[in-house]
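Quick one: the structure is below, and I'll ask about it shortly.
Naming follows writing order (A, B and C), and every chain is counted from residue 1.
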Amino acid sequence: MSGMKTNAGNFFEDFTVGQVIEHATPRTVTEGDRALYGAIYPTRFAVPSSAEFAASVGLAPHPVEELIGFHIAFGKTVPDVSLNAVANLGYAECRFHLPVVPGDTLRTRSEVIGLKQNSHGRTGVVWVRSTATNQRGEVAIDWARWVMVHKRDASSPAPETVVPALADAVAPADLVVPAGLDLTSYDTAAAGSPHTFDDYEVGERIDHVDGVTLTDAEHMMATRLWQNTAKVHFSTEARPDGHRLVYGGHVISLARALSFNGLANAQLVAAINAGAHVAPAFAGDTVYAWSEVLDKATVDAPGVGALRLRLVATKGRDESMTLRGDDEKYAPGVLLDLDYWAFVPR
Amino acid sequence: MSGMKTNAGNFFEDFTVGQVIEHATPRTVTEGDRALYGAIYPTRFAVPSSAEFAASVGLAPHPVEELIGFHIAFGKTVPDVSLNAVANLGYAECRFHLPVVPGDTLRTRSEVIGLKQNSHGRTGVVWVRSTATNQRGEVAIDWARWVMVHKRDASSPAPETVVPALADAVAPADLVVPAGLDLTSYDTAAAGSPHTFDDYEVGERIDHVDGVTLTDAEHMMATRLWQNTAKVHFSTEARPDGHRLVYGGHVISLARALSFNGLANAQLVAAINAGAHVAPAFAGDTVYAWSEVLDKATVDAPGVGALRLRLVATKGRDESMTLRGDDEKYAPGVLLDLDYWAFVPR
Amino acid sequence: MSGMKTNAGNFFEDFTVGQVIEHATPRTVTEGDRALYGAIYPTRFAVPSSAEFAASVGLAPHPVEELIGFHIAFGKTVPDVSLNAVANLGYAECRFHLPVVPGDTLRTRSEVIGLKQNSHGRTGVVWVRSTATNQRGEVAIDWARWVMVHKRDASSPAPETVVPALADAVAPADLVVPAGLDLTSYDTAAAGSPHTFDDYEVGERIDHVDGVTLTDAEHMMATRLWQNTAKVHFSTEARPDGHRLVYGGHVISLARALSFNGLANAQLVAAINAGAHVAPAFAGDTVYAWSEVLDKATVDAPGVGALRLRLVATKGRDESMTLRGDDEKYAPGVLLDLDYWAFVPR
């Protein structure tokens, strides 16, 4: 009787296109989350750091980092979507619709938007579009994601293949500027860098210089904070090598925080276009980051521009900032390749 | 002169039946405590996780986990009661009278309710009843506890033996339902499990499946948060083996959080009937948990039932869920045997 | 192009006497900071622990530990003043002008008040006076500090030498008592010690007994919380020995928290007269502390006295409490020698 009470997660056969999953458990964001985020990641972006600075650009009450909302919203999907995942294959079309502020309660629902069984019949790819809403029912964040999950039974029949069309990147016109955001009297000295929209050129690469060595205590604390329950992050008995795998989102947040040194004015994450967790990370690894400016766009808000950035996390510093080798494979040491839009003053 | 300023703790001779000790230091609970608790333990119970969910069952403002209150209240007694303890022998009759919410300030007082010198004269057992009150003087939590403490001088005379009568378990009629609690429109999907009062049977055992490997940084942070000052938790120089002993309450909270997977609707801890810290735990140990349903009761509140549960933490997973061997001794690997009541929807 | 966007820090040639630097980034203090401070340091001082206790001595809203404000304010100066430092040489004339409470936003500015090139021409000493203000523009904390920094070019000319006059200690008349502070009905039982102003004698030394073993996760979390960006604290690749150097302020806060056991009523840090980080500390070191009463003074506030204290942190316990050997050098094991004023009940 006991086995029936615990969550075994969903297998490929459990998903159908159009299915909607209401994920447990709603989660209220607090000032404690902001403090812990700042203890775990070396973040210094002025908007989430300072209520006064945020108010000076039209954001009050004081928003937390967009990635706090993202990790919480994402974590809710793990028990239902990816507990039996072989691999997280990708993200797309992630948009931040509303700033998340302390006191907000987030819940997440997902709709299955695609299915494709792999040819050998043992696994399949599931696409979901997930939506996080706040206590007023407003959409805070939404995104698409696809994962490869195990089948319960290799001999069960394959579903009709449905592969959703997903954009390579969120179009600038689809970026959602927070209501009230006004960067016309933005204080670059307080923000920590004089470099604004016009100072960045498409193709430019920025080595963020600083490195952080990972510890197990820190990545586990972060991952728990988002109520992400994947066993491999917490137990030395979950993988044959005895290592606790660092949650991919931990590397995203660490790299984003490191990018302050060179991109201090990329204040707000507006969208995530794509993301690949290229290699696993473990305690003891020293993580560095570099960025490439992929695109620039103006948006319809006073003093606001958008930079499309590639954020690359590496194990060990790569001053050459090489993403891929001549064979088109990711260069050794690359951990993360994230493509996102950020709002900057212009 | 210097030695006189520091706290040497009380020895067996310092206690008398009827003595009342006002413990230092009062402590205000904050949203920071909730966040840290969620970073250190993989808790996902919907009531402490979500202010919206809590309000939907009649609990506003938003209570923190009952064990946050317990650890804080308990930690205050350590400098006066158990700094010179040989062993923590047991708990009984612990009841949670009021939800603790951010902004509440807890203080603890203890009354000595029993004394029994051991036959060899070097130690004795002290029973105390401790009461934590909030800033309005209302009782939040009370409990009995007994510890074996050193005598200062083996030749000092033994006090009259007084052994208090303590209940094996809190009677269902004595459980205190939080004012306003109404589980009649409880949202099981949001809470993360469809299993409610009627789905659990006395004698049923539930393997909570997941494991967490302990780190020194995390257990020290938790233990400090509760202002528990016992040296063995913090210093590699306090024990001959050079290990930092994990605070027993850390194992309680970890096991309780792990029990979400199978007992997600055991939302509120109502009482602790008994608890034994069977074996020490250290960094590197991977902790698992299983539960046994010991009893069921209805309580006088809408939609509310009570489950009496045995929560067992083990070092390494024991899928057989064996508490004791044929010799009636605890099975190898058992770390904690905790007997408590939880409120669940029915 | 990329190198130009990142902060290379200032070299000796970049400083001129009278120069004012507005440091990035403003930072709002929250209840999350209080909780994290209590998780990382074994602090139990009743004022920052309890809003009720603080209000009972005239301090409402509930202030955080003075050192939270100090570390935040100090951390802001690192990218501009000491990123290229060879050594932190000293502090002086640090005063706490206002309690810092959750919701306050701190920013820091520094004025260069002294310069002295070293004779070999490769480095120089820079003196700055730094001032942290809150969102109302009120001075919260100010202090002087001097650091030895690298020159960019050993052949560049030396500036005129200016060595500021700094007081050996803040004069009692210059200590700022928080508005409203009244210790006449101070509750020593709640505070955890009966020892008040009259119980301490100049020259008295107090061994604080307890030890804490350092971990990398904890010191990195603390240091990040203050947005201190010095690489050596975070990366195993920043020093030849592969160790992460513990931020000196971490040792200050740890020693201050340990001093509770013997100085529980030294509730508020009023001023820091001087501080020397005598030796580096690393994960695995077990830190102890002892104090010496250097001076006593009455101040113009009801029930308030001031103790001038030397707080010494050591690696390993030194029950002899030896600061210096016969050769006048610091004794082996001394990590920190801090001279400060604290307000106590009298």
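Everything below uses one rule, namely that contacts are C-beta pairs under 8 Å (C-beta built on N, C-alpha and C of every residue); 3 or more make two chains touch, one makes a residue touch a chain.
Just so it is clear, the model here is predicted, and its values are computed rather than measured.
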| item | value |
| --- | --- |
| Cα superposition angle of chain A on its copy chain C, in degrees to the nearest 5 | 120 |
| Residue-number overlap at the chain B/chain C interface, same or different (half cut) | different |
| Centroid distance [mean C-alpha coordinates] between chain C and chain B, Å | 36 |
| For chain B, residues contacting two or more additional chains | 30-33, 35-36, 215-218 |
| List of chain C residues in touch with chain B within their complex | 30-36, 38-42, 44-46, 49-53, 62, 189-193, 195, 199, 201, 204-213, 215-218, 261-264, 284, 286, 290, 316-317, 321 |
| Chain A-touching residues of chain C, taken from the complex the two chains share | 1-3, 5-7, 22, 24-28, 30-33, 35-36, 79, 102-103, 105, 107, 135, 215-218, 220-222, 224-225, 227, 229, 231, 234-238, 244 |
